[in-house]
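Notes for the one structure printed next.
Chain nomenclature is as follows: A, B and C, assigned in order of appearance, with residue numbering initiated at 1 for each chain independently.
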Amino acid sequence: MSKALEIENLKVAFPTHRGVIRAVEGVSLNIDKGECLALVGESGCGKSVTSLTAMKLLDDTAIVRADKHIICGEDVLGFSDKQMEALRGRRVSMIFQDALSALDPVMTVGRQLDEVFIRHLRLSKKEARERSVAALAAVGIPEPGARYRSFPHELSGGMRQRVLIAMAFACEPELIIADEPTTALDVTIQAQILELLKKMQQQSGTALLFISHDLSVVSNMADRIAVMYSGKIAEQAQRDELIARPLHPYTRGLLSAVIGINDKKDSFIHIKGTLPDPADKPHGCYFCPRCSEAGEVCFVRQPLLKERVSGHYVRCHYLRCHRSERGEENE
Amino acid sequence: MAVIKNAALGIAVFFKKLWADKQGRVGLIIVGLLSVCAVFAPLIAPYDPYDVTMRDDKGLSPSLSHLLGTSITTGQDIFSMLIYGTRVSLSVGLITGVAIAFLGSMLGVCAGYIGGLCDFLLMRVVDIMIVIPTLPLTILITNVFGKSYVVIVLVFVLFGWTGLARTVRSQVLQIKNADYVKAAELSGASRFFIMIHHILPAVSNLVVMSTALTCAGIMIAEAGLSFLGLGNPTAISWGKMLADAQSGGGVLFGQWWTILAPGIGIFLSVFSFMRIGLAIEGIIDPRMKKGSGMKTLIRHMQGRELDELLASMEDGYEQST
Amino acid sequence: MKKGYVLKRIIYTVFVFGVVVTLCFFIPRIGVDDPCARYYPAQGNMDDESYEVIKELTRKQYGLDGSYLSQYLRYLKGLLHGDLGNSYRAGSPKVWALICDRLPWTLVLSVSSMLICFFCGVVIGTRCAMKRGRWQDKALMNASTVTTAIPSFFIALMLTYFLGFELEIFPAYTDQNLVSSFDWSLRSICAVAYNAALPVLSTMLGGIISNAQGVRNSVISVTGEPFIVTARAKGLSRRNVLYKHVLRNALLPIVTGLGMSLSGLIGGSVVIEQIFNWHGMGTLYLEANNTNDYPLMMGIMIFISGFALAANLITDLCYSLLDPRVTLGEEG
């Protein structure tokens, strides 16, 4: 099965006056066609940087290196700006978090949508307009003809997010990267948007890289989940496997914070502290200062990502004992 | 007492910061030199610039005895005039700047903090003042009340406070709604107390910055008015030196130094105050400065350092056993 | 709602204008016992009674008879009919006619300078914003602190010396036949451009740099907005993003500033006009000042203020057309 996105050993660093910020350290991701991979982590852990780098959209103040970077079968590592531009919006597109600031405030949403069709399908203005209205209708916007002429600030938050989704799906791309698409919305609207996103994804068979800090949002959408912590993948598995048998203490902390996924009464784990300063990361395991189960080795040596069960990767020294404990409990 | 001590401490810290800033230091040094020139002008100047009796020495070129030559019409030593010119420029600039800072910040704080009718009236006055063209107005007033720097300073102050009052007002409105001020109000602090302890310190940097920039602006305006012959007819100012050079034919006879010298004087004084103002702006809001050097940082980061960084970020899979 | 706001805005503008007129009217009369005193002919060996008659006649001639209030009402009445009074010059020409004679000449200088500053500023500022942190950008930032510290009339003097006298590229003083011989032929238009070169050049330098810096800051702050990333994610090229999204947003505050600076078009170039002896409003005002021609000075002040008010009003009302986020009547 061919992949929609393959990234291997991605490293991103930002030199600043305060020191080098190590945003992403050796992240590898791959997404099958039509699959939905969720990338979960606290804000500041490097997920948004990862998504921008996947599109090659970071500006040149960043140092970016990767061993492999393949989008929809195209090796884009050596791609020029021009080649990337042809790819963006056509075969891979993006949905952003805050739709109000992600839309040009002085241009009607319709014209902004037109731009995609004109750029990639070489349509005339009139044809693009028809397609745009249809696209607005497809994402469930009432009166698409009138909304076409609206400015972003005239729409509600949910409507704006729908516009962004319409824009992302406009040319039926093979991969869509959604960077916290529902975070800025009310819970009820959030559910509607997730529903819409799922429906659109299934209809068009698009692969989706869904980025979120919220495991509960992700658990309905994703086929696979990757948990990111301080620039590294902490754990990665099929959704059901990860939710049923989280191996990394961080994942367990995240899961226990979600009501309804894990019913055990005694299992609420409070993750104390905050993410390490990306310019000054701790020795050993990055999670050890916050980990309640850390042992001596955690403060000395970085654990590597290790495949425990088939398809279930985890980065932790003390894997075996957690596993056996949890295993006994489950049986 | 504590307030005064705090203020003194604040001023000391402020100058330290200003001195640490490259722009600020350049500005401070130039202002210092100019002040020395202004105060000790009679000691520094080799000739009496008011002496117009040296008719034989009209329009001399620069030489060892007259460093910048002599004026075309009356034969005064231009270097001495240049030194004495700092007096007018600095005093008009500083007095006006400080007066505007005082008036503008007071009225701005009143409008912002007291609000209501006071705010309404002050802002209407500002609306009117802003429309009236300053230069023609100043000319009209000097025509009515006589040509003197006192009149000029008064006009500048009366019509110059509006901009500062506006900025201070909007700043005060922001602070007024800040939680710490609300908390102070709830805990029963008087309005006067809040004004002195919370609002004035918060706007003080802004006021100092705009004072430096106002001084610079006023110096240019003063030079313009003196150039038009609206200053004290007897005083020596750079603007008047330029006017004399022009009317005396400095351009016509190719004596460009008679124009360049006062020009450089104006430039230096304005430039130094602007540098200080911009340095303070950088201290208040570091975002204005930061971020310009990112690309150079990347270019510097090459070779081994970069390799080491990338190697330290290396990650791999552990083979499952 | 919208109509109400426009009406309110217009009424307020008229009110401010009224206050300005009042100020301009009374400033020359403050602290003066008899504003007409300097125009009376010498008494000579005339007896006091007939001298009083002469004085009264003179007052009438200069429009200074009656109380201040009646003079003021008379002035206001004239103003309502678009009459700014008569100048004290020989033949007492209408102030309005004098202004109309000079206005185009001032506008030639200031409008061309403004347009050049705007366009060069946009081009240079955008360039520097794109090359942020490189030498071009640093050069602009340093140049802006230097050029704003140089008064334009000093630049004007240096330019007359180097370009006017030494190299003789442009005329150092305006040709005095320029005005009288102007007849809209291509030849005379070229002559105007040739004579206007130095005055425009000397105001241009500082204007371009400060405009460029404003554009640069504005472009940089817009470039950091998320919607620019969206536009890039759609596959638009840098060029397209720049023209369609960055500049449209970045120029909003610049264009507004341009509207506001319209008010400086007339009164801003007094010194420059004086240096080049340009036949404009600035020199007219200085002439009026030298001859104590108060009606003319008042008229010019009122005209400039009215122009500024109108410019501000129009900019204000047009702003909502440029920026769809702003609806009229709401404080931004």
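In this text, a residue touches a chain if its C-beta (ideal position, glycine included) is under 8 Å from a C-beta of that chain, and two chains touch if they have at least 3 such contacts.
Remember, predicted model here, so these are calculated numbers, not experimental data.
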Most central chain, Cα average position: B
Highest-count interface - the chain pair sharing the most C-beta contacts: B-C
Farthest chain (mean CA position) relative to chain C: A
Distance between chain centroids, defined by C-alpha means - chain A, chain B (Å): 51
CA centroid of chain A to CA centroid of chain C, Å: 55
For chain B paired with chain C, centre-to-centre distance based on mean C-alpha positions, whole Å: 24
Sequence positions of chain C contacting 2 or more other chains: none
Sequence positions of chain B contacting 2 or more other chains: 293-295
Parts of chain A lying in touch with chain B, wherever the complex brings them together: 9, 11, 13, 15-17, 20, 22, 25-27, 60-61, 63, 65, 231-232, 303-308, 313
For the chain C and chain A complex, residues of the former touching the latter: 225-227, 229-238, 240, 244-245, 248-249, 252, 322-325
Sites on chain C touched by chain B in the complex: 16-17, 19-20, 23-24, 27-28, 30-32, 132-134, 137-138, 141, 145-146, 148-151, 153-154, 157-158, 160-162, 164-166, 172, 263-264, 266-268, 270-271, 274-275, 285-286, 289, 292, 297-298, 300-301, 304-305, 308-309, 312
Parts of chain A lying in touch with chain C, wherever the complex brings them together: 52, 55, 57, 81-82, 85-90, 93-94, 96, 98, 101-107, 115-116, 119-120, 151, 153, 164, 167
Chain B - residues contacting chain C, complex: 127-128, 131-133, 135-137, 139-141, 143-145, 216, 220, 223-224, 227-228, 242, 245-246, 250-252, 254, 256, 259-260, 263, 266-267, 270-271, 274-275, 278, 291-296
